[in-house]
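Here come two complexes built around chain A, the first alongside chain B, the second alongside chain C.
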Partner chain A sequence: MKPATRLRIVVLVAAVAAVELSCRSGVIGAFTMIAPSQMVVSLWELLASGRLHNDIARTLTAVCIAFGGAVTVGALSGAVIHALPRLRRTADPLLAAYYSVPVFVFYPMFIVMLGLNDRPKIMIGFLYAVAAMTINTLNGLDRVSPVLLKTARMFRMGWASTTLSVVLPSAAPYLFTGVKLAIAYSFIGVVGSEFILSTGGLGYQIGFAYHDFNNKTMYALILFILGVVLIVNMSLHAWEKVLMARRGLQ
Partner chain B sequence: MSALEAQRPRAPSWLAGRGFDTAVFAALVLLLWQGAHLWGGEVAMTTPLGTLLFTAKTLASAEFWPHAYATLSAFLIALVIAASSGILIGAVLGFHRLSGEVAEPVLVAIYSIPKVTLYPIILLFFGIGIAAEVAFGALHGIIPVILFTMNAVRNIKPVYIKSARVMRVSGWPLFRTVLLPATLPEVFTGLRVGFSLTLIGTLLSEMFGSKRGIGFVLMQAIGLHNMDVIMSLTFLLVAFAGSVNVLLLAIDHRLHRRA
Partner chain C sequence: MSEAHVVLDGVTRVFARAAQEPLHALGPIDLTLKRGEFFAVVGPSGCGKSTLLDAIAGLSVVTDGVVRIDGQAVAGSVPPGVGVVFQDDASFPWLTVEDNIAFGLRRQGVDGAEVARRVADALSLMGLTDFARAYPAQLSGGMRQRVCIARTLVLQPRLILLDEPFGALDQQTRLLMGDELLNLWRKTGATILLITHALDEAAMLSDRVGVMSARPGRFLEIVETRWPRDRDSTIVSSPEFGAAASRLWTLLRAESLKAMQHQARAQTV
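Take a look at the complex of A and B:
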């Protein structure tokens, strides 16, 4: 283990311990925050009771649909924009400015258009994630070395085999970044929307628990969402490292 | 023009220009917008012209400005906090390698979690009001500023600092003539990203728990199903964020080209 990693673990454990201590000793009141150990216990009870399985399933389904749509549409539109330089010239500044627009401001509009159900939040998650995928697909395709493409042509490789064995491997690290961002953004979009206004899901339950002064449930749910996102991100990161190592990059 | 080029008939130059492409794009967006109105009807969406007219009316009304002022002041305070402390923390983490190495994965992890879920915690700590909005906006904006500043400081070429030492430059002149120009482009990119995220954070906090500001008016309009208000405020926010970002992006490109 690297010294920095060891030190990081020490710092994180110390931070959690400090929060635990200040909650237990009353420096932070129980109405503001419950101790981390209580959060874990409360989350365990919640999961065991099965009370929230519906909301968990609902949120994760919405995230998966938004994520799947964003990756598919993002990769395709990235490929199309890459193939048409003139379209690219117009699209580039728009893509660069995309994340400056708070996508959530469209949520009220989508609720009115699509109804107060799961579709508006999927739409927000999708819109949040799709641009990241498009931008990174473009970046990846830009990095495919022309020499490799020429070599492929010399070997008379068809479109499909060129894509599979030349373009995809070269663009993979960037596509991976796009996928990682797309996951994070679909979560932000879906949970954020549930939080603002919705009929169910984890974000809704957090908001409900907040208004109900039910700190035990609220903190347990927050811990659950953060845990899920962190685990997904870390596994992707580990997989990415394996891929990079196989290509001898790191 | 060479003989070869002259043989091929070419489109008039204005058809190939960037302005033309942008105009075509803008026309397409307007057509889609109008089409969505025709498809969904007045309940779902107002027309582009209607939205523009209502926006003008909103801008002229007296009720709009206190809310705009509330949002803007919370946003600006959050931005100042995010920028100043972000640059400071980023610089420390950049100069002190070990702390940087320890903090970076944690910061990246915080960057990618849905921070909306943390908003109730912020509310419990700060109470409903401008303090919570500022804290939430700053929480969104500070991470990219830290990350970009840290990388900028780390990537200062050692030879710059060595040459400065050889020429016995230190203190303020060292900062002004070496460190600042070397890090400015990257730090500015961080500030640009931080700007957008701080705006998102501020608006989100107003939408979830607040009694004032544009986000609050938007939520009220959903309750009343007031499509005019929703569309014109969405339009205003997109126009504001978009135009500021175009400006920041232009400065950003310029700084990076010069570097």
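Take a look at the complex of A and C:
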């Protein structure tokens, strides 16, 4: 194990142990936070009871739709913008300023337009994620080496096979970064929206538990979301490291 | 070796530039490459050597004139039987060495057993057998360039165009790579056009060396080396080699000075 990894684990374990001790000794009151070990027990009980399976499925389905849409639309729009330099000159400042827009303020408008159902929160998740995918697609396409495109011409490859066999693999590291960000932003958009006006989902249940002073449920669900996001991101990170190592980029 | 393989007839390349005078990069150039000939092109920086190679390969469209390969006019795409090795590393970093070399064969639909046989031959020929499963990032610059050469040669092109393929290598490696290239040339019988900025490389490898003028690039003179076909890098110690390299430098010196003055003027404008 690398020293950095060992240190990372030590810091994490120490932080969790400190919170556990603070909660158990009463330094942090039970109304403020429950001990991490209680969070794990509470999460296990919640999952075993099946009480929140519908909400988990609703949130994860919404995240998957937002993420899938953002990756598809982001990659396609990135490719189109890259192919049209005039559109690129127009779009670049807008893309750069995109993250200053608080997309959540449009949530009431989306409810009016799309109804009080899961669509508005999917739209928010999509809008948060799509820009990351578009920007990273543009970065990736910008970095496809001209000599590789010349090589494709030397092999007498057409547009479609050049895209599939040369451009996409060449831009893959940047597309991968876009995918990782799109997952994170989809979760943020969907779960965040569920806090505001949704009728179900993990964010809604966390908010409900908060208003009900039900710390056991609230922290169990927070732990669940953290766990899912960490597992997805760490899996992608591990895969990315393997791909990058092959290319000598890490 | 007398049959014409590649014929350039009045080839000219002018680049249009926004809000500036068009840039006359090349020509007019008339040249005939004989089948199985090793022809090198030297010239000052920016004289249009790579533009010439792109025109022959069909990677760019000429403004005027015509390039014919085996009597067929080249029209905006790389003709069959033409292989190009570029100056920059063009290996695919996401593929292993053997997959890089097999890339073109698989695209042509060559059957698996034949692909495996030809790739194994190419790996052996280029001294890369022990690195078949390695990725380009795990290789030195010279080895990556050998992967690119193997990837082109495995397609058995009749015309091989090399654009400063050894530009990034040190002098010893370049001499050794030159020997390997001569071996390949003898074995395959292909016509080779080598673009290089190294006069010794051009003098050592080629049957004829075309010396280009500063931009717009034209041939000032074509120098015949008269080396035997079974030559290798040991000829660099012969008096004839010194005379050939000296002749090339005499022709090139004034043009190189002219090119430097062009560049200095362009930077001050």
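Please note the rule applied: the second predicted complex is superposed on the first by the 246 of 250 C-alpha atoms of A that agree within 3 Å, B and C clash if a C-alpha of one lies under 4 Å from a C-alpha of the other, contacts with A are read in each partner's own complex, and residues count from 1 in each chain.
Operating definition for what follows: contacts are C-beta pairs under 8 Å (C-beta built on N, C-alpha and C of every residue); 3 or more make two chains touch, one makes a residue touch a chain.
All values reported here derive from a predicted model rather than from experimental measurement.
A.B. asks: Quick one: chain B and chain C on chain A, clash or fit?
C.D. replies: After superposition on chain A, chain B vs chain C: fit, no clash.
A.B. asks: Where does A:161 make contact in the superposed view: on chain B (first), on chain C (second), on both, or on neither?
C.D. replies: second
A.B. asks: Between chain B (first) and chain C (second), which, if any, makes contact with A:112: first, second, both or neither?
C.D. replies: It touches chain B, and chain C stays clear.
A.B. asks: With the two structures laid over each other on chain A, which partner does A:188 touch: chain B (first), chain C (second), both, or neither?
C.D. replies: After superposing on A, A:188 lies in contact with chain B but is clear of chain C.
A.B. asks: Would you sort A:210 into first (chain B), second (chain C), both or neither based on which partner it touches?
C.D. replies: Once the two structures are laid over each other on A, A:210 reaches chain B alone.
A.B. asks: Could you say whether A:218 touches chain B, chain C, both of them, or neither, answering first, second, both or neither?
C.D. replies: First partner only.
A.B. asks: What is the contact status of A:246 with respect to chain B (first) and chain C (second): first, second, both, or neither?
C.D. replies: In the superposition, A:246 contacts chain C only.
A.B. asks: With both complexes superposed on chain A, which partner does A:4 reach: first (chain B), second (chain C), both or neither?
C.D. replies: So A:4 only meets chain B here.
A.B. asks: Could you tell me the angle at the CA centre of chain A between the CA centres of chain B and chain C, given to the nearest 10 degrees?
C.D. replies: Given the fit on chain A C-alpha atoms, the answer is 90 degrees.
A.B. asks: Using the superposition on chain A described above, determine whether A:95 touches chain B (first), chain C (second), both, or neither.
C.D. replies: In the superposition, A:95 contacts neither chain B nor chain C.
A.B. asks: Please work out whether A:60 is in contact with chain B alone, chain C alone, both, or neither, and reply first, second, both or neither.
C.D. replies: Once the two structures are laid over each other on A, A:60 reaches no partner at all.
A.B. asks: If you count the residues of chain A that each partner touches, which comes out higher, chain B or chain C?
C.D. replies: Answer, by number of touched residues of chain A: B.
A.B. asks: For the overlay built on chain A, what is the smallest gap between any CA atom of chain B and any CA atom of chain C, in Å?
C.D. replies: Superposition on chain A places chain B and chain C at a least C-alpha distance of 5 Å.
A.B. asks: Taking the stated contact definition, name every residue in chain A that is touched by chain B in one complex and by chain C in the other, in rising order.
C.D. replies: none
A.B. asks: With touch defined as at the start, can you tell me which chain A residues reach chain C in the complex?
C.D. replies: Counting only chain A, the residues touching chain C are 145, 147-148, 150-151, 153-157, 161, 165-166, 169-170, 172, 243, 246-249.
A.B. asks: In the complex of these two chains, what residues of chain C are touching chain A?
C.D. replies: 57, 59, 77-78, 80, 82-84, 86, 88-90, 92-94, 103-104, 107, 135-138, 152
A.B. asks: Can you list the chain A residues touching chain B in their complex?
C.D. replies: Against chain B, the touching part of chain A is residues 3-4, 7-8, 11-12, 31-33, 86, 89-90, 93-94, 96-97, 99-102, 104-106, 108-109, 111-113, 180-181, 184, 187-188, 191-192, 195-197, 203, 206-207, 209-210, 215, 218-219, 221-222, 225-226, 229-230, 233.
A.B. asks: Looking at the complex, which residues from chain B come into contact with chain A?
C.D. replies: It is residues 18, 21-22, 24-25, 36, 40, 43-45, 98, 101-103, 105-106, 109, 112-121, 123-125, 193, 195-196, 199-200, 203-204, 207-208, 218-219, 221-222, 225, 227, 230-231, 233-234, 237-238, 241-242, 244-246, 249 of chain B that touch chain A.
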